[in-house]
Amino acid sequence: AVDWKKFSGQTINVNLVKSPRSETLIKYLSEFESLTGIKVNAEATPEQQQRQKTVIELSTGKPSFDVVHLSYHVQKRQFEKGNWLADISGFLKDPSLTDASLTEKDFAEAGLLFAKDSKGVLRSLPFSVDYWIVYWNKELFEKKGLSYPTTFEELVNAAEKITDPSTNTYGFVARGLKNANTPVWTSFMLGYGAAPINGQGKVDAVSKEAVEAAKLYQRLMTKAAPPGVSGFNWAEAQSAFLQGKIGMWFDGVGFAPPIEDPQKSRVVGKTGYGVMPKGPAAQAAGTFGDGLGVVEASTKKEAAYLFCQWAISHDMGARLLQAGAGVPFRQSILADAKVREGVKMPGAWLDAVAGSGKISKLALPVVIPVTEFRDIYGVALTNMIGGADPATELKNATAQFEPVLARSEG
Amino acid sequence: MAKRLIRRKTLDSLGLLFVAFIMVSPVILFFLWMISLSLKYEIDNGAYPPILFPENVAWSNYLKVFEENNFLLYFWNSVLVTGTATLLALVIGVPSGYGIARLKAEKSAVVIMIARMTPGLSFLIPLFLLFQWTGLIGTLWPQIIIHLVVTVPIVVWIMIGYFETTPMELEEAASIDGATPWQVFRLVALPIAKPGIVVSFILALIFSWNNFVFGIVLANRETRTLPVAVYNMLSFEQVSWGPLAAAALIVTLPVLLLTMFAQKQIVAGLTAGAVKGG
Amino acid sequence: MSIENSVADAKQKRSKPSRLAPNYWPFVLPALLVVSAVIVFPWVFTLWMSVNSWTLGQPRTFIGFANYVRLAQDMRFWESLWHTATYTALSVVLPLFFGTLAALIFDAKFPFRGLLRGVFVMPMMATPVAVALVWTMMFHPQLGVLNYLLSFLGIGPQEWIYNQFTVIPSLVLVETWQWTPLVMLIVLGGLAAVPREPYESAEIDGANAWQKFRYLTMPMIAPFLMIAVIIRSIDAIKSFDIIYAMTQGGPGTASETINIYLYNTAFAYYDIGYGSAMAVVFFFIIIALSFVLLMVRQRANWSDMETK
Amino acid sequence: MATVNIQNIQKNYGAVKVIHGIDIDIADGEFVVLVGPSGCGKSTLLRMIAGLEEVSGGEIHIGSREVSNMPARDRDIAMVFQNYALYPHMTVADNMGFALKLKKVPAAEIQAKVKRAASILGLEALLDRYPKQLSGGQRQRVAMGRAIVRDPQVFLFDEPLSNLDAKLRVQMRGEIKTMHQRIGTTTVYVTHDQVEAMTMADKIVVLHGGFIEQIGAPLELYDRPANIFVAGFIGSPAMNFIDGRVEEGVFRTTKGLILPLPQAVAEKMGGRDLVYGIRPEHIRASTQGIEGRVTLVEGTGSEIFTRLDAHGEDIACLFRERFDVRFGDTVFIEIDPSKVHLFDKQTGRRI
Amino acid sequence: MATVNIQNIQKNYGAVKVIHGIDIDIADGEFVVLVGPSGCGKSTLLRMIAGLEEVSGGEIHIGSREVSNMPARDRDIAMVFQNYALYPHMTVADNMGFALKLKKVPAAEIQAKVKRAASILGLEALLDRYPKQLSGGQRQRVAMGRAIVRDPQVFLFDEPLSNLDAKLRVQMRGEIKTMHQRIGTTTVYVTHDQVEAMTMADKIVVLHGGFIEQIGAPLELYDRPANIFVAGFIGSPAMNFIDGRVEEGVFRTTKGLILPLPQAVAEKMGGRDLVYGIRPEHIRASTQGIEGRVTLVEGTGSEIFTRLDAHGEDIACLFRERFDVRFGDTVFIEIDPSKVHLFDKQTGRRI
């Protein structure tokens, strides 16, 4: 069994991204401290800042933290290349450190893919998975006599039908702001059976499928989305949806809790949660995820590992899910009927999660300059909302991005 | 006739009052809205048409600010960073303003102005590395030191203006009276420049208090200052305009109070100082 | 007498410390040292990095001026330069206009003047980040209070910072809102320094109110307006907090100024070398701008009134 | 050119009455000096004539027009201010041409007029300078030039010389006088310097506390001051005033000193409490007469000013003869009885 | 108290020579006035004595000490500035005691000394006031008090009266003189006002362009000015200077006017180009003699100042007699030959 008290007395610093997930961790931190006797200094900062700071600190070789929370879809390659994360394969196999229930097999496929580096070495523990789903306003759908779309075609139709600027009502909203909007497009692309970077690591964003996906994006965002959407990040989109003026909102599964909070929402109980409709080539739920890693430079790797392990433990994962704050990567938790019973979110949400899990696909390429990728194509997408031709925009963006990619990978 | 005159004058000044009120209204509107946001639940904050006075007042927004974050610690950090940076700036900036004014050393003033012209961002990485090598990261010192880049130029600039206007003869009189240069400065020049010192103190305080860029990179959980903490209220996956506005209000409140309280001095000092400020 | 001797002699004469005039350098030195200490190292570092290729987490290599060459070919940089120029120009002109207007009003006497002036000055004192966040909420195209207010004037909803064409004007609106008071204070100082007597002369010479403003006030406060222009330009060109907190350069790159692009390059792409080159160029642009403005100021100056 | 007619003019600032109903008649082309101690209301009066200050009562006529409620710009007057009030941002030429420019006079004509005025004042070489590049005297001349160019009905001057040093003051007052002789515009000139008033005026108006003390030609005021105030104000060094009464044909001061009186007067005034006035320059040194101990000697070469303590009375004397006196010496003086002024003790009026 | 000895003192500002090697000996207790036109270097010289300005050459001795390179604070002098330079943040008492406080004199002793000085100057009631609560004259006295308290070896004054109005100036110059008579400290006093110089000085030093023109007692300068500059500078109104040469026992001006000369002089000077100097107050009105047309009249009651155009020469006259002259009148004047000064045309030196 795990010897929790072995590193009692040590102090570790934990650097988290501010989100409902990290808030759950912080909320129950005292449990971990009393369990292990390890003192934890945890701080959660907004995503953008946290990313900047952790990278700067890690690159100096003397980071001020032992555990780092990373977004796989953005930072995986970068962290690998910098050799910033410790190899924890050994810890996972050590029964005095790892609970028997935790095995590689328990993780969803996408999670393992995320957690292991290109050589197959385990560098982090997958913490939470984020599928993109469709939040839909049942009231607005009923009014127009519509039902939840099953294909992209239907999605567009429904969105356009619901849209009525005279009542300030719009059928569809998603991120339009540069950078944040790229995953929307790449998620669509999955439905066309394509990805922006092909298997050889080459950019492939001017394919017919890519252009089709971009056209879909353009159509939805220009015909059915509220004005100013090109400046919307998730926050603006969420605000709009919460006020009941939006038919469908396409974003991560983790944004659900405020929808069911009467202090924040006018759509409590009126919201449907739908799996991403089927595209012409495939049905796929864009998947993102984050994990917890032990910093290579840390001198308290074991204690840090204990923390990571605790964070993704059965109990903590259950709490995460039940609060609607996130979805654990561990199948055993999702499968546990007891856990499912405790979920506070509507059943439809859980169904959407489960349904998405079955068609999960990584939505962003695993490269170092993810931010540049998102920025460059994000600008192209924003331009499309402004009316630019998708094919040309994508071509220009690709021309810009190729050298960046070459520089970083070369 | 006199009555007619008086009536015309009051009309004039009422007209001016009206125009001034129009000019000020965007300010009033803004702060009113800020207060309103901070007192509403999310559901009212997103409402359209907007609600100015909510039915349910959300005092909890303020509670949340103090509960969820270590706001008191950040407040204290801000006080320490700003206070120390400002006091240090006075300690070195006031004599320097004096020296520059007396030396007519415009060139040294330019060096100090360059600090003002340098984009703040370009300090960040080098200084972060520097502070890490020196092991200061994790303390408040990096922020204090970097805030000096903000405070010292303000103090020096305003003080140059003040010392240039104090008559040289006073100091000559003092030196004839037997004062050493240091005594001349301490016993004569300094007391006379008191209003300038107060103003530069207030302004340095305000601009240091408001500084945001430096804190993003140099501060961590223990050493974060208020503006950064406010920005950190933005959390992923949860809009929370109410607490955000409450936090924003809490940060600006001390400064706004100070402004109201010392507006005469600030106006006087800034007009005098700013005029020199080119 | 040898040449060396005479050189040494000359040197000695020049450096002969004046025995009577107090030595003021000890007063200046501490601040000079502190400021140099804080800025010199960053500058050396930045200059050195700008001739290197260095992305955080990857090895650093010396590449000479390649970063600068890349910069010259970087469309996004040129675009940001253009954004910076328009942003700066607008952020100078508008506060200048409104600030002058406000100064003229607050120079007159009327009830509650002090109070209103105090309120008017508040925006420049308020914490920019806090201010920016509240403005963001007010700009929301669907739910924001600004569109609501506009609807009373019969103006349809605007997209404000959410539209690539209106984003810079909207940001400038905030910038104007925040920094008009500074201009007002400077001009107020100018008005206070303007002698009153010429107005009586002008009255007797037959000038009406507009003529007094046109021929006396304007030219006499011109030097102060120049100062306002200089201060405002330097601040506006470096503007960061507001843009960063409100749009981060978006939509697209429609509001990406050099400072924001610089920030993104260094802190989002971790491309320190390239970012440093950008910082160097940016700094020289600021210096050049200040220099030009100072020259203009010297020319536009009918007197050195403001230097007394 | 025009007459200026001031009728029962009053001025209050709030509850404070500053001018108490004053009448002055100024003839066409006359040079009138308003003189009086600081704060007596000279500037206020002048500014009311100019239209820079509103009247609280009474009327002002310039020529045949009632101007009391007319704005300054319509009164057709020109004014030279104490500190000249030049437009600091305009050249000398622009300063002088400004009024004409406002009247939309063609540029060529403006230039011609400015040139003419400049040549009168010897400013030709300075037309392109800015005020701050000028000396005090030059600025003063520009201010006058600005007035001349307009060819107004009335010139107003408010202490135009008080910012100049002594030498320049003497020179400029000559120039102003000469200019007036040449162009003959009606002029009202304010000063608190009685030498200026005496040397320049056709007519002096002595103001005091918002009332007129006396109006008259300079020598009239010197020879027959209407009251103690005017007597003390006009003449430098100031007249000696000694309290006492007329007894047995002489004047006996309260301290017991005996002073001479003209015969005729002595007979009429017996027994009244009076103030005895004698100007320092009307006292002669002598070998007999009134004895005094010297308490101050100031010699300038051409004159010797001394103060004597005579029987406890402090008497100032101005001697034109060169003679050797020192602090503490005892000297004798004589007073010319015909130069004595007598004033009523209560009212201060001349007798 | 001490002597002050100035030897070959020079001062350059960069390449500009402002003081050209000056020697002045000041006896213990003497009151020396430095006088001269603006910019002649008076202040510079005084400030070199004070130690506020470095000497570029030469030596200054105070008593037996060479002080040329001593900082001001060690020279044991006191100085009164033109605008008094009172410390605005200190009370009158603190202002006066400041120097003693710096010397670490015990507080009780400071208080006593301040009290004594205050009583000399009549400042007892004002000791707790701040400078801005004082009138100009009171400030002036505080500035003197600050000097007195220290009981220094030398007092220096730089135009201490020039900011006061005429009346007060006369009064204060009396007070300064009186104070000097009482405490007898060696004093160097700078002014550009020749009346001040004449009335106050034991010895006057006339400076001009960084050179000494003449050193002497006041009447010496008035009666026997060493050169044209001093002759023109001392005396008010200024002396008339007329170019010409001595021919046949009289002085014939370049324009042909004949002026009288003392017999003895006329004989010696035959044929030389000279400048003829006569003071306006040494010209008498007459019924015959030199004829002139009046170009300016300024009467103050006790005197009449006129300028005459006599045969093309401009002659200023000051008449003490009252007589009626008008602009344009023709009058006759007489010159007392014994009061005539003659100067060499080339060198300007007195002959």
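Letters A, B, C, D and E mark the chains as written, and numbering starts fresh at 1 in each.
In this section, contacts are C-beta pairs under 8 Å (C-beta built on N, C-alpha and C of every residue); 3 or more make two chains touch, one makes a residue touch a chain.
Computed from a prediction, not measured in an experiment: that's the story for all the values here.
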Quiz item: What shortest step count links chain A and chain D in the network of chain contacts?
Solution: 2
Self-check item: By count of C-beta pairs in contact, the leading pair of chains
Solution: B-C
Quiz prompt | Length of the line joining the C-alpha centres of chain A and chain E, rounded to whole Å | solution = 93
Quiz prompt | Intercentroid distance (Cα basis), chain D paired with chain C, Å | solution = 56
Quiz prompt | For chain D paired with chain E, centre-to-centre distance based on mean C-alpha positions, whole Å | solution = 27
Quiz item: How far is the middle of chain A from the middle of chain C, if each middle is the mean of its Cα atoms, in Å?
Solution: 39
Practice problem: Can you tell me which residues of chain E touch two or more of the remaining chains? | Solution: 51-52, 71-72
Quiz prompt | Residues of chain C touching at least two other chains | solution = 142-143, 267
Self-check item: Residue list for chain A, restricted to those that touch at least two other chains
Solution: 52, 56, 168, 239-240, 243, 245
Exercise. Over in the complex, which chain C residues touch chain D? Could you list them?
Key: 195, 197-198, 200-208, 211, 215-216, 219-220, 222, 302-303, 305
Quiz prompt | Residues of chain B that touch chain A when the two form their complex | solution = 41-43, 46-48, 125, 128-129, 132, 137-138, 216-217, 220-221, 231-232, 234-239, 241
Quiz item: Mind pulling up the chain C residues that touch chain A in the complex?
Solution: 55-58, 76, 140-143, 157, 159-164, 167, 247, 249-254, 264, 267-270
Quiz prompt | Residue ranges of chain D touching chain C (in the complex, touch as defined) | solution = 50-52, 71-75, 77-79, 81, 83-90, 98-99, 102-103, 130, 132, 146, 150
Self-check item: Residue ranges of chain B touching chain C (in the complex, touch as defined)
Solution: 12-14, 16-17, 19-21, 23-24, 26-28, 30-31, 33-34, 37, 45-50, 91-93, 95-96, 98-100, 102-103, 105, 108, 111-112, 114-127, 129-130, 145-146, 148-149, 152-153, 156, 164-165, 175, 181, 184-185, 206, 209-210, 212-213, 217, 226-227, 230-231, 234, 241, 244-245, 247-249, 251-252, 255-256, 258-260, 263-264, 266-267, 270-272, 274-278
